[in-house]
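Chain IDs A, B, C and D follow the sequence of writing; residue 1 opens each chain.
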Amino acid sequence: MRQRWETGRVEAFSDGVFAIAITLLVLDLNVDPDAFGDLLDGLSDQWPSFVAYVTSFLTIGGVWLQHHSLFTSLRFVDSVMMRLNLVLLLVASFLPFPTELAADAITYGRDAERVGIALYGITLLTITALLAVMWRYAARHDDLHHDGISDQVAREAERRPLWLIAVYLAGTLAGALLAPRVAAFTFLAIAVISIVSARGDRDVTAADTPSG
Amino acid sequence: MRQRWETGRVEAFSDGVFAIAITLLVLDLNVDPDAFGDLLDGLSDQWPSFVAYVTSFLTIGGVWLQHHSLFTSLRFVDSVMMRLNLVLLLVASFLPFPTELAADAITYGRDAERVGIALYGITLLTITALLAVMWRYAARHDDLHHDGISDQVAREAERRPLWLIAVYLAGTLAGALLAPRVAAFTFLAIAVISIVSARGDRDVTAADTPSG
Amino acid sequence: MRQRWETGRVEAFSDGVFAIAITLLVLDLNVDPDAFGDLLDGLSDQWPSFVAYVTSFLTIGGVWLQHHSLFTSLRFVDSVMMRLNLVLLLVASFLPFPTELAADAITYGRDAERVGIALYGITLLTITALLAVMWRYAARHDDLHHDGISDQVAREAERRPLWLIAVYLAGTLAGALLAPRVAAFTFLAIAVISIVSARGDRDVTAADTPSG
Amino acid sequence: MRQRWETGRVEAFSDGVFAIAITLLVLDLNVDPDAFGDLLDGLSDQWPSFVAYVTSFLTIGGVWLQHHSLFTSLRFVDSVMMRLNLVLLLVASFLPFPTELAADAITYGRDAERVGIALYGITLLTITALLAVMWRYAARHDDLHHDGISDQVAREAERRPLWLIAVYLAGTLAGALLAPRVAAFTFLAIAVISIVSARGDRDVTAADTPSG
């Protein structure tokens, strides 16, 4: 027999993990005691940390919005979905580590920079790929939904994260091989775009109607 | 088509972030191992950290109360409101960093003190300005509310944070240019006042009636 | 006009702060890198940290249980109650700091030990006193309750924390002047007792009936 | 009179603690500043930290799933259950400490490795034993349940964690005496298995029907 869970407590637990991961990012921000002599300079030297903070904050914010949309359309999760969600939470709450690593690596030197940005990109790529798999799985299992889900919405849901995966892959490769800093700002731009283009949890069936 | 979200999960996520940010402040409190020789002295030397802890705690507490009032009067958030809220959370969960920085800077010396207090003031200013924008936006979009909102309340909501912005701006400038410690205690006083004068979530339409 | 808030979101926010404060305590546990040579010894040297961890965990657990009982009997909080609750949260989320301080001080020497245990005791004393004030205030304001509260329960609620305050006061003084380690274990014993004697949230009006 | 609490707020508080403990694990991950010279190497040297992170994350995830199943079948907790739950939360939120300790110990040397893995195993063993006691207690107290619980389910609930306790005991002993690294991977394997075999919160009375 297939196992099923109500979404309520899964959603609350996931929200808790996202809220904590997003708030722990601030612990990655530090100013070296030596920098207090000229604090304004000390702070500007930390620009990679601030860029990384904003990028990771907005990325988790965007993931939370997507997660929210997905779970609003679901009534149950089955054991596949439950495990996918746990792995998503694992990778999302891991994000503060590559965030700090990438920011520190940028101030260190070219080789470290490449490795740091690549690990950061791989983490973002994994998060996006997991969300895509979850959407796809949800779109193929009618019995998890309140009233089933329309084919159109299902396809929409499946198609959207694919370009994101492609961009993260390109950014990760570019960061590892060519231009780590360009990759870093690409990740920030994607995070901003993903929040700006987030869809609400109302009128889901009308999601294909052009905006305006 | 305009995107909309139910306020429930947005409110729960925001509460989570506020609760974590407010509790992480304690991690900024440390006593130097050297200070254990005369611990009472070592603790009194840390007074800027304690003042900063209480100020930031009460500030986030006051923001939470305002956020609570705002969301009680809303039924939906649209995508503008959602993004404003995410930026508010970003700045609020950033607060532990300037809190620690300002406290450390005060024990370091005059120049660091100015920069630390100014960054702290700018953060508080940004939080207050964002809340003002959110109130203002809410007051102009009837369709986000349960039953619409009266013109009087709308104006009240718009006017109140403006003096706060002015005071934070004055405090930040004073802190940066003249008297960082006076500015620090001004921020504490504002936080206390904002909590003492917080309005409940009942009787919203009667908010103009004088207290008593 | 008197301000009032529904208890729901206040309770959820308070629970969040308690849950985070209780979980952050683990960050106070560290083993010195030098101790890895003989790790079993290094761990036993850390016994004050473990005692402090358990004491603070059970204290916050007990506070949460009391807070839970109090709020179950309330329907609204007014602005006095809201401020008392914020101050309670401030002191409760401050607890990880004196916890670490007291544990470190015990391994350092007699004078530091006295100051550390005294600050820890003062914090516990303040928390208990605040809870007592909140109970007392709640017991005198019928309009905050679902159906009013019986005189008997009100008196019970007022009397109970008083002996706790007396014991914490005695423990703090003893810790500061005579026997810090005895005081530390007294605080642990109180925490255990407060959890063992916690009352459920059902049958509130029958709370004076002897157990069994 | 027996004390009882509604499960709602107990469950929310527990979820909060699990969510925070699981997310704090990331703070155990660090890269030594010296390792930035060859960051890829520096990261691979950290493999015990990553294995420990995944193991502890999945272990807490599995505990949360079990806790969730248990509480779904309950309507009340009495004071015994409340205290068992607090002790479970105490040990679960302690887990980040032995996680970091075990990971650091593995890179240090054979003796430290044994102590670290043994403490880690003891912590996991305690968590599993507490969950077993809680299931057992729940299965014997009909008045805590919504509609009582069938004998079959009760026995199932009691039997399942016993082999887990046996495996953790074996792993801990093996880790302490013979092969710490084998024990570490055993703990990871158990965590994976416990999540893969987790049962949903629906169809509880049909839990004995073979899957498929």
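Just so we're on the same page, a residue touches a chain if its C-beta (ideal position, glycine included) is under 8 Å from a C-beta of that chain, and two chains touch if they have at least 3 such contacts.
Just so we're clear, the structure is a prediction, and the values are computed from it rather than from any experiment.
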Problem set entry | Numbering shared by both copies at the chain B-chain A contact, with half separating same from different | different
Exercise. What is the size of the turn, to the nearest 5°, that moves the C-alpha atoms of chain C onto the matching ones in chain D?
Worked result: 90
Exercise. Chain A to chain D: how many Å between their CA centres?
Worked result: 26
Exercise. Which whole number of Å gives the spacing of the CA centres of chain A and chain C?
Worked result: 37
For this session: Note the residues in chain C that touch 2 or more other chains, in rising order.
Result: 12, 16, 20, 24, 27
Exercise. Mapping chain-to-chain touches, which pattern fits: line, ring, star, complete or other?
Worked result: ring
Exercise. What does chain D use to touch chain A in their complex?
Worked result: 11-12, 15-16, 18-20, 22-27, 29, 31, 33, 36-40, 43, 53-54, 57-58, 61, 64-65, 68, 195-196, 198-203, 206, 209-212
Exercise. Can you name the residues of chain A that touch chain D in the complex?
Worked result: 1-6, 9, 12-13, 16-17, 20-21, 24, 27, 76, 78-79, 82-83, 86, 89-90, 93-97, 101, 104-105, 108-109, 111-112, 115-116, 119
